[in-house]
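Quick one: the structure is below, questions incoming.
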Amino acid sequence: MNHALGISSYLIVAPMLALLAASLVPVMLKVFSGNREPHPFVTTTYGFIAVATALGLAITFLGGSKFGFHNALVSDGLSLWASVIVLVSGGFSIFMMHDHVETQTKLFSEKVFLLLGSLIGMLIVVLSNDLIVTFLGIETMSLCLYVLIAMSRETILSKEAAFKYFILGSFASAIFLYGIALIYGTAGTTQFPGLMEQVGPLLESRNHLFLIGIVFVVLGFAFKVSVFPFHFWTPDVYQGAPTPVTAFMATAVKAATFVAILRLFQSTGYQHSLPLKEVISWLAALTMLVGNAAAIMQANFKRMLAYSSVAHSGYLMVGVVAAGFGDSQGVASAAGIVVLFYLLAYSIMTLGSFAFVALLEKSVGQALQVDDVRGLARSHPVLAGCMAIVLFSLAGVPPLLGFFGKFGLFSLAIEQNFYWLAIWGVLNSVISVYYYLRPIVLMYMQGEDSSANAPLIEMNKHIMTRFTLFGSAVLIIIMGMFSSPILAALKAAILGRS
Amino acid sequence: MTLTAQDLLFYILGGLSLASALGVLLMTNPIYSALCLALTMVSLAGLYASMQAWFVAGVQLIVYAGAVMVLFVMVLMLFDLKSEVKAFSRGAVAGFMKLVAVGLMTGAFLAAIYNSADTLLGTSLAANVDGTASTKALAQMLFGKYVFAFEAMGVLLLIIAIGAVALSRIEGGTHADE
Amino acid sequence: MAQMPLLSLIVFMPLIFAALMALMPGDRGVRPMALVASLLQFGVSLLLFKYYDAATPALQLVEQHSWIPEFGISYFIGVDGISFWLILLTTFLLPVVVLGSWNAIDKKVKAFHVALFALQTAMLGSFVAMDLVLFYVFFELSLVPMYFIVGIWGGARRVYATMKFFIYTMAGSVLMLLAIIYLMFAARDTEGLGYFTANVLELYKLKLPFTADGLMSPQALLFFAFSAAFAIKVPMFPVHTWLPDAHVEAPTPGSVVLAGVMLKMGTYGFVRFVIPMFPEAAEHFGWIFLFLGAVGIVYGALVAMVQPDIKKLVAYSSVSHMGYVMLGIFAMNTYGMTGALYQMLNHGISTGALFLLVGMIYERTHSREIEKYGGLAKVLPIYTIIFFIVTLSSIAVPMTNGFVGEFLILLGSFQASQLMGAIAVTGVIFGAVYMLWMFKRVFFGEKGELVSDEKHPLHDLSAREILVMAPLIVLVFWMGLVPNHFLSYSKSSIDHLMQNKDAYQLGVLTMEDATKRVAATIEMETVTAKATTTEAGVAR
Amino acid sequence: MPMSNLVDVGLSHYLALSAALFAIGMLGVLMRRNVIVMMMSIELMLNAVNLTFVAFSRFRDNMDGQAMVFFVMTVAAAEAAVGLALAVTIFKRFREVNIRYFEHLKG
Amino acid sequence: MKPELIFSVLLLAPLVGFLFNGLRWQSKNYMLAGAVATGAAAVSFAMSVVAVSRLFGEGAPTSIEANFYNWAAMDLLSIDVSFVIDRISALMVLVVTGVGTLIHLFSVGYMSHDERPSKYFAYLNLFLFNMLLLILGDNLLMMFVGWEGVGLCSYLLIGFWFSDKEKAAAGMKAFVTNRIGDAGFLLGIFVIFGLFGSLNFAEIISKLGAFSVETGWTGPITLACLFLFIGATGKSAQVPLYVWLPDAMAGPTPVSALIHAATMVTAGVYMIVRLSPLFMLAPNAMAVVATIGAVTALMAAVIGLAQHDIKKVLAYSTVSQLGYMFLACGVGAFGAAMFHLVTHAFFKALMFLGSGSVIHGMHEEQDIRKMGGLKKYMPITHATFFIGWIAIIGIPPFAGFFSKDEILWFAFASERGSHWYWLAGLIGAATTAFYMTRLMALTFWGKSRFDAHKVHPHEAGPSMLIPLVVLAVLSAIGGFMGIPHVIGEILPGHPGNWLEHWLKGSIAAVPMTEAMKHATTMEWILMGISVSIAGLSAVTAFSFYVLDPSRPAKFVSLFPRLHRFVENKLMVDEFYGAQIIQPLVNASRALWAFVDVNIIDKATFVVGDIVRGVGSTARTLQTGNLQQYALYIALGAVAVLFYVLK
């Protein structure tokens, strides 16, 4: 066996190495300076440099369908763009962590370290070409997050959230792993390329063990991206976690995991199992409904956003269904393009919305209610305006970024003849309008009458978080109006630069 | 067909592992549960060994039955927990549904195993392998095909180590900075 | 001038002004600037008269650029006889609204005008967009400013009204979005265009399968998907209930724009997209819309009759009037179609004027309850006269604009279906009943509670208010007396549509072509003039 | 399944055993209130998976399975470390390890 | 003069008058306003004379036409704003502008004390303009424009004193009732357009050759005629839409004279006469017209018997006389209808103006029970009114005799006539004679019943008297334009029936039945019967109200309920109110409250509630219990597994 690794292997892991190296610096500094916490700004700078370097390396070296480490890793368009999304949201999350009262503690450097560690795990997931490597990546990512959540300054809810997430996550991991074991046993391999070739024959011969394996693996992924009925942890954990970490979870985890799901569904062999297609369509449909319907009923702002993220997973699952069960040539690539574009849009919007929440949380463990934003437009017109843009985009109002994300997904669904799913999806997006517009109503249309003399709502002065919110609003508009270059780049990256 | 030694070993160790697993589930005293778990792991190590996965059996004994279980027991001792009155969750409906859910799932499994038995039985049992050879092959695989996973695991352990330390130092942690 | 993007200029000028206004430091000076800006954009839109050629049905002043080619979306705009007057109506109403809301809006003046101007761009955009997705973008985008206008500057139940408005409209339009996407793929699959496109001119060429009895044939489903979106926007009975709420709560300018222009986006959609793209389905299922249109006319009028609130009455009268438009469109003949297009303009003018008038009296008394009025005619004579003229227009008395539209629509619908025509004709009666009854109760008889209030004597219209109403009144009579001035601009387009509705296609003329034509005409005129002078010289 | 198959231990037997162990582990997670016991149940589930891996590895004559077991064990150990650290933190704070005490987040 | 110029002046003069007075509507200068308005009307009249005179003489054209501009054109439809004066409209235009001018003149005096005379004259001129549009338009659409326009002016003038709720309501009633008719008219227009592809009268009539007489009820032409007739019943106050006309008396009296007696209300007749060739093809429709006409003539006359308001009596009389005209149209005597239209315009305008003079003199008192003996206070008014009275009850040789008798003769003798029509007309004539005599007697003769201290009846000024005298003369001699042949033959110089000659060729006519073609004796007998019955009836009334004023009360006490029923106008208004209007209003409220709020809105809310239901279920499931969540995962896994493995 040739153990020598080509240079390309190292280039692929360069971003991870950069992250690892840079992430150790603050912790090391702390160790060598007698356990003195460096200034948070310094730590943030290190974290930012780490992310920026990784991003640079990723853009430089990833893509183009390269394999590394004996086919354990693959570097293609999917991994390139997923890395970009993950790293960008990681970077913004570090900014928000710097500002937020629950994260900026004496252990801030450790937190940044853990976040970067989680990013490494995500990079592993998106680059992985092997189910067992994906598992390792997911575990790295999740374990870091458990700790990160638990390290919040807040002492009750964050601990509970961390523990719930941990137990349920491990439970789901075990199931996921069982799925891997069954797949390994039936297909003989866990590497995606080989596996994808086996899918057709195994499903055609109705190998039940393999089917169970696939179901369990999908279930494990579904847990991570909070698909109904595996989503129940989401609102609790999103609420309990410090808001910057929530933002990170809602964006990066989802992005990384969806890429893994797409890799699993790259085969046309799934055509042989009609029930699988139906069941995943059902899951997508129910996820949208439950997410949106439950979000309507929420008074807590973060829980509302959590349910909204559940609903968005439902939309994304439409892309997955199309990828796995569409019948045209190259549908998986097309699905990759639209899902990644949606993830990009979704991440930007979600970061903005959680930045907004972070700005309004003044004390530790404050449960921000939706009603708290009443009359905000009067005191903070610019920030309210940015949030309004974010919310309109989440609701899918053209020509904002969120609209084109949905446009792509539903186009794919219709092209692959998943009409009912598409109709269900758009109807659900109408339901979502109701709760997305509620904060806008409160910000702009209420609080005028009573609070003529009442003090204005105070917002935190956090520059970096404000920058995040503002940046996401600007990106939503600009990337919405001029999404063509991004789409072109995505297309080129995923279809191969030919 | 005759009952070979290997088969006998399977039934003994399998039965032991099942029984001790049930013990984990049913013992109201967590310490006993932990001990049962250790027993399960040991018997599983035996099963690994009977399948000539020597290295894995060893690791199972050392890491699992040894280190991990010690950790569990230590934590339990730390908490100083006695036998619990309310060891099991309440709710007849929920409990019933839990049993039904798991039962159905296991049933589905067994049915699937039975259905796929033909294909699975078709795979031939390899001849006895030399322990050293198999370990060597495993090592080669770990540092060859799975080298990335191996390294990633290293990174994972590093991060977790630092994370666990950090976790212990937060407010309310075992080593909290006051 | 050859490359001047005139249409883009018309569409985006309000948005640029909105941005400029947003940058102004405070509320002071916003109103004058808005007025100047609105007049300016109206002035620019008048350039259409120069460059638009009424003789050809082709799409003119076309601008086409790729926008998001990955999704097959392009920036493709143009104007023809169907949209020509709607564009002018939109640009015309803006200065009226700005001047009309001079006192009605007393808080967040800057924000209001920014929203108003942004809305203007969205509405104009949806009238010129010839790419379906672009149209959809503008169509949906128009909801947002209106959402704020109703929600921030509206009445007591504004939040309920604006949410209802937004969600209703969006619920209708999302299905259209799916239909649009389907069409884009259909264009790729069947016609072999090689790329997928939302270019409306290409989609016209599609021959979507339609089976006469099959509700499930693609054309029928798409037809209904589009129709749902537009019917809610119109709004057609029975999906009209958002309209009265929105109107009652909206501030005066919001009502004017909503009734004047936004509702037209729905009917325009029927004419522009539904009928040419799904001719067989429209033919086959047209009776539903004929029926609902006729029912809507009568229903709207009856319900309007018993409203205690003037504004709600006017809102329901909109339902009735838009019923006429639907009836005319689905009469599927030249008369009905022409009448429908005309009625869109009429409704924009007369209902817009009615809302302005209701707003003016509301500013004085802060009440819209009919019961509290009475005898206004004695106190506010000028107001009464103007209101009466607008009432006449609304109930379609000959020599006002309303008559032309209603007559043509009823003529067309009667030719299409005698029964529906007959039902619709009763709307003529009920229309008179509700308007005149209201008029009687508000203006005639004893002075009512609000009118006779000694402490707050009512003042007749100010010069500004008269100035607001004057252009509308002029139009009422102009359009009523000389309809041909207006009809001639859309005639060729309507004829073209009606003659080729089964295989509708449009030619394309750019600004360059228009410039050439204008130059040629001038040359011709000079030549003729010279010839005449020479002849005259010879004769002498 | 004929009697001979019962006696003649093959892959199905190992799989069935692992399924049973997995089910017991699941039940533990679902039904036990003590968080430590729940974690132990998860360990049990992972062990069941390991058994599957080893069985497949053996019966398919494929060493990959054993490598995977190696990774699973490591991850399980890491999980146990993090979980126990969490448990300790929580215990310090709540003086309680009964899962029913952690229901502040709901709705 | 070019025709264009003639028509321009003819039409624009009143419009200019309207604009002049309308723009200074607050002015109280009644002299200026009246002068301008009357002048405008007079200019129109002069122009009409000029125009009509062109039709006379050898080789004169049968019509003068002028086309101004194209109103709208599409597909088959092409409507021009163009006008025509032919032999039918010539009669009408002369009557309208002539009588109109007189009434304008009368108004100057009548409205001298009003607060807003300018506004009044503006409306009057606007009316004239619209009426001219109606008459002169050469296509149905122009006619309809005028048709609605006069309705609008009628609305404005009835509600002229709008501060009074009743009067405002009367205006609205008039407009809405007219609108019902207009809706029918519109439908008629649509059917005709569908049939002929044109709305131009000349074109329609020229295309009629291709159609044959329809026998059924549902033929397109019958349908068109019936629809048009609905329009006519509205405008010309026929059963069942006549109810607005009596109420319309709320307007100033000259308005009643002009609009609600002489001109506007005859528009329906004019329209039918104009389209007479069309109606000829629909005998069933004509039968309907005749029947409705006869019924109206009778019914209105009966109601007129028991009215106390001087104007109401005249109003019902108008309705009744219009009924005669429709009866004439229905039996095919279109010429007779036109004839009666003209004479009626003279004598009814005269009587209305006379009543205006009375009301003016009596300080706005309209109840004839509070009048009496006015002869000595208002001699000229009395004299002129007397001529009107004789004319209307049909005493030869006054105008009414000739026209009414011609109608009765045709009703009897026409191919489409019937003895029953004749009988109805005869009874109507007798009733007319009775109530008109009653009116005369109660107003002018007998003892004064008003308080002479408070009320000082006086004769009107010259501006009011001149029109009275002119109209009286016309009422006296107007009948000579249509002397029946039987009478003409015995008169010196054998004057022919000029009107019949004039209209011949312009209108269709139904021939007499074979038996009656030369039955001159029969004609004489019928004439004798009708004159003697009318005379008898008048004498009876005279004996009732002049000789023994207590007799009516005694007579009435014999059937009090019937009397009350008649006095209350046969309860028709109440019937409409209770059976049509109120249910409609109630139904509308129900639609609003039930359909809009309870069905449509509720339906949308139900969708919302379902979503909320799902949401709250999801929240209930979210118990916060970790093991529940794990259970959901397990259940989900089981469900998925079983679905996939099934």
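As written, the chain order gives the labels A, B, C, D and E, with residue 1 at the start of each chain.
The rule is simple: contacts are C-beta pairs under 8 Å (C-beta built on N, C-alpha and C of every residue); 3 or more make two chains touch, one makes a residue touch a chain.
Note that the structure is a prediction, hence the values are computed from the model and not measured.
The chains in contact with subunit C as well as with subunit E are A. Compared with subunit B, the chain whose C-alpha mean position is the greatest distance off is E. Pairs A-E and D-E differ in how many C-beta pairs touch across them, and the larger number is found at A-E. Taking the mean of each chain's C-alpha atoms, the chain closest to the overall C-alpha centroid is C.
Chain geometry summary: the mean Cα position of subunit C and that of subunit D are 67 Å apart. In this assembly, the C-alpha centroid of subunit B lies 103 Å from the C-alpha centroid of subunit E.
One inter-chain figure worth recording: subunit B and subunit D are separated by 5 Å, centre to centre, where each centre is the mean of the chain's CA atoms.
For the pair subunit A and subunit C, the distance between C-alpha centroids works out to 43 Å. For subunit B, the set of residues touching two or more other chains reads 89, 98, 101-102, 105, 108-109, 111-113, 120, 145-146, 149, 153, 156, 160, 163-164, 167, 170, 172. The set of subunit A residues that touch two or more partner chains comprises 132, 136, 139, 143, 147, 150, 155, 159, 163-164, 167, 171, 175, 185, 208-209, 211-212, 235-236, 434. In subunit E, the residues that touch at least two other chains are 619, 622, 624-628, 630-631, 634-635, 637, 641, 645. All chain pairs in contact, by the document's touch criterion: A-B, A-C, A-D, A-E, B-D, B-E, C-E, D-E. Within the complex formed with subunit E, the residues of subunit B that make contact are 89, 94, 97-98, 101-102, 104-105, 108, 111-112. Considering their complex, residues 168, 238-241, 244, 299, 302-303, 305-307, 333-335, 338, 375, 377-378, 381, 385, 392, 397-399, 403-404, 407-408, 410-411, 414-415, 421-422, 425-426, 428-429, 432-433, 436-437, 440, 443-446, 482-484, 487, 491, 494-495, 498 of subunit C touch subunit E. Residue ranges on subunit A touching subunit C, taken from their complex, read 392, 397-399, 403-404, 407-408, 410-411, 414-415, 419, 422-423, 426-427, 429-430, 433-434, 437, 441, 444-446, 448, 483-484, 487-488, 491. Only residues 619, 622-627, 630-631, 634 of subunit E touch subunit D when the two sit together in their complex. On the subunit E side of its complex with subunit A, the touching residues are 608, 611-616, 618-619, 621-622, 624, 626, 628-630, 632-633, 635-637, 640-641, 643-646.
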